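The structure appears below as structure tokens.
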Amino acid sequence: MLEVEVAGLRLRNPTVLASGVLGVSASLAKRVEEAGAGAFTTKTVTREPRRGYMNPTFVVLEHGYLNAVGLANPGIEHFCQELREMRESLSIPVILSVGGGSAEELVEVARRGVECGAQAVELNVSCPHVRGMGVELGHRADEVAGAVGEIRRLGVPVLVKLSVHHDYLRLAEACLDAGASGFTAINTVRGMAIDIYARKPVLSNVYGGYSGPAIRPIAVRVVYELYEAFPGVPIIGVGGVDGWEAALELILAGASAVGVGSAIAEKDLAIFEEIVRGLKEYMEREGFSSIKELVGLAHRS
Amino acid sequence: MLEVEVAGLRLRNPTVLASGVLGVSASLAKRVEEAGAGAFTTKTVTREPRRGYMNPTFVVLEHGYLNAVGLANPGIEHFCQELREMRESLSIPVILSVGGGSAEELVEVARRGVECGAQAVELNVSCPHVRGMGVELGHRADEVAGAVGEIRRLGVPVLVKLSVHHDYLRLAEACLDAGASGFTAINTVRGMAIDIYARKPVLSNVYGGYSGPAIRPIAVRVVYELYEAFPGVPIIGVGGVDGWEAALELILAGASAVGVGSAIAEKDLAIFEEIVRGLKEYMEREGFSSIKELVGLAHRS
Amino acid sequence: MHARARVAAARLAAEQVLELLLEVELPDPSPGQFVMLWVPRVGEVPMSVADYEGGVLRLFITRRGVVTGYIHENARPGLALFVRGPYGRGFTMPRGGRVLLVGGGTGTAPLYFLAKRAGLSSAGCTAAVGFKSSRHVILVDELRKYCDVRVATDDGSLGHHGPVHELAAALLSGERYDRVYACGPEQMIVEVLRLLEGREEALEASLERYMRCAVGVCGSCVLDPLGLRVCRDGPVFSGAVLRRLHDLGRWWREPDGRKRPLAPQATG
Amino acid sequence: MHARARVAAARLAAEQVLELLLEVELPDPSPGQFVMLWVPRVGEVPMSVADYEGGVLRLFITRRGVVTGYIHENARPGLALFVRGPYGRGFTMPRGGRVLLVGGGTGTAPLYFLAKRAGLSSAGCTAAVGFKSSRHVILVDELRKYCDVRVATDDGSLGHHGPVHELAAALLSGERYDRVYACGPEQMIVEVLRLLEGREEALEASLERYMRCAVGVCGSCVLDPLGLRVCRDGPVFSGAVLRRLHDLGRWWREPDGRKRPLAPQATG
């Protein structure tokens, strides 16, 4: 009853590990699968290796989390091996999150990633804390659309990860025209925290990406708007999913699947089973036989 | 030790009642003054009366609040009398929040408001839930700047209320060039909530403005950026101030004063005294003699 | 967020007055408090708590406009409504002494809840309750468990023929009470306040105003000149406060914030 | 957010090892857990808890690079540092029986905390601790309160001349223990694991990896092939798990996620 299809990928349930969260190794991917996730998104991978920023790169706040990891990753060449291992050991779909400073770079990373086994590509054009590789890219809708078009030709689904910091409806439209298979929404929201005793920003990078339960109302709205503007286009809803109720809220808004990110800090990998069980029980109680009936249901009157 | 000057207004302490919150009557203004606030901002007033949206217009969430009141207000002509009474009965500054669909309308409302006693004008060009009178206006930087220029000639300070949904640095610059005295940041963030049992959006308007502690990291960042980009320009920091620590975080980011909005739902008017007392005690403990020393302190190394 | 409240029973308790029993988990309300009742896609309105026991919330809803009309037409067992609250400051619980309750229409409901929760008995409690006619009567039989009840109707079809404050006047002329509690049309409250002028009885009365947030933030429900919010500082106010409220019985604040003269029928 | 931790005392406990006492309110840590120590504008690093009593956190910090270097040079009473945590899974507390502790360098600190919290005595506890030289020794006198302590130094300037695992080997050859706890350089842990092959002693050892979030989210500290996160699934792992960790003693994951051969000095 929980199976969904998202942009051609078959998921045993609508939970997806969000990008950047544990997505660094095949060994963690396996644990995430065993914990019950329906799909796995890798950490965003770029052409060259990136060390990321100095610590502190992660802050636990009262209502959410801030991070400015800085797209740390081993680079696609090195990550290729992890992708191969993922494909060997996993039965859930592996979505490769791709980052870069230009369309050319995105395409290059995606191409190599697909060669190494990625079953879908998610374009991260919305990281809020890396200059040149983040949100700015999303502002250049034509360039992103160009990359979408080329990657589409590799024969795998292409999801575009959106941010509230974009004119996301316009970007979404341009990407759809170029053949995008769907959207992931939302990435973290630009934010920062200052320690009142240190009297300094906590993140070494000063600014970071805000995630966790606090951003859910923002994510719900973006998903709702996307569903309204592009009915039928699959959306992975991400942002503040910290239990089955939150997952359901995004599904009702229009998400076919939901990403789980920083909630793992609080609930660890058990959150996947918790969501799956919660959704099942809800559906039984409320008389739904397929999760698909719930997708976008809040739009119908 | 807590006195501040913000855009020419003298405040006994850096707390300000945020717009839209209790700012509808002289009687409430008096209570807010008695509760200890340093300044009072009125509800946004437009040329014509507005009933606002149907209930539900306000939702209490886990980490914040959503509202889509819809700029309900009695119109400037009727509000004039309240302004007169405010000036008669208050000794703290009264900031008139002005809304409208065009520069012309903003100017008209501001002019009448100043005639009736407003000591400063705050331009609300950032309401996230009223079509034509909200965020869109803030996208038209030139038009807003035009209004700023004209209102400036009325001889009162003009603050521009910014939103994360704008290119706020650009808008801020245009407004400064036109003579703006400072900024209020931030307005609510577009968001929505869906009830998982009703399976419907809760707000009658579907979308609304997200406020409360959840949005503080976003506000801190906007204030920090503004202070960095325009050193010396006064900022009223608003967003998620729910106690003295939160107020201090915004001050350290660069706010000369802080607005208090939806936290009143939790702590009622006692929050003003709580902030004032907390700041005082902090300053004594940490060895500061004037709150001004703390403004923007997180920027210095 | 709201709590789901399933209709367990809905019956017409009197003409235009629907009695609703809702299964819903709420923080325990105290008498005089209210909830916000949300009907998805229709609207959200404040309603006084008439009882809350064993997870069942009881409301008495007079048919007025869009939302109450919808509820009257559609409420049947199983329907899901949504509730948030309870909100506001309720009545001070009577601690012994003699109590007089003065209720009008559905204003009787919170007084009934008060009598029940305070465990009053007719030895210590007299209730004067008024309705338009015998067809509009609610809760009188149940209230008799706790109070000596006198009824008035506007058309004389039951009990005293005339407004309920006349009943109250008669009772007050013969007796001293420790506390008087009033809930009903605002004109009734004005009359009760007048009756108590120069007397020692402590009055508490519940008011209604247009509400949005219900938590004291938006200012929609403010009363001049004290700046009191019905949703948070009230809905129950003391006689001393009521005397200083110039708005009382005179002005109703519209959703746009402008005031219009209070219509006599502004309260159920 | 972090809790402010004021330096109450800072002294060089041994060559290159600073002992810090920090006044800070934290959830009570258990032995084997660590904190993230933030030095504003400098960096943030994981540190094992050496003790926490009466609101005073004790750390032993080996001078390594940017952050530890800064602390060594600037820590004096009154300096404000910042701490979050405690994080991770610590040691299983010994319940009676005979315990062997094997510590290397500042790895002795969490073992001392364990001995103290578990209330061990030299009847039930033997500790083999190794240092570079007699000038690098920490906590040995204090540890004697709880354990029969044997010392080894690389240069023979104190106790056994040679690596600490040789001491452990000697102890193990003469005696059966119920539990062995190890903390120190990863090569030392590898040796202890080897010593225990085919024996019945339950081992628990604490590992280190590059960390960012410390709460199990970012994946920086993952160990292959089990996908275990040092910050959350560890830093303490059982012998059974350690045997299945191919990374153990071999691979260190860099901040960019690539692995490099584990340098012998990777641990203090």
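Think of it as A, B, C and D in the order they're written, each chain with its own count starting at 1.
What we mean here is this: a residue touches a chain if its C-beta (ideal position, glycine included) is under 8 Å from a C-beta of that chain, and two chains touch if they have at least 3 such contacts.
Please read these numbers as outputs of a predicted model, since none were measured by experiment.
Here the CA centre of chain B is 36 Å from the CA centre of chain C. The distance from the centre of chain A to the centre of chain C, with each centre set as the mean of the Cα atoms, comes to 51 Å.
Centre to centre, using the average C-alpha position, chain A and chain B are separated by 34 Å. Residues of chain C found to touch two or more other chains are 41. Multi-chain contact residues of chain B (touching two or more other chains) are listed as 61-62, 193, 197, 200. Because contacts link the chains only in sequence, without closing, their graph is best described as a line.
Pairs of chains meeting the touch criterion are A-B, A-D, B-C. Residues 61-64, 66, 164, 189-194, 196-197, 199-201, 206-207, 210, 213-215, 217-218, 220-221, 224, 245, 248-249, 252-253, 282, 286, 294, 297-298 of chain B are the ones that touch chain A when the two sit in their complex.
Residues of chain D that touch chain A in their complex: 1-2, 4, 36, 38, 40-41, 43-45, 80, 82, 84, 211-220, 222-229, 232, 254-258.
On the chain A side of its complex with chain D, the touching residues are 20-31, 43, 49-52, 54-62, 65, 67, 69, 72-75, 78-79, 193, 195, 197-198, 200, 202, 204, 261-262, 264-265, 268.
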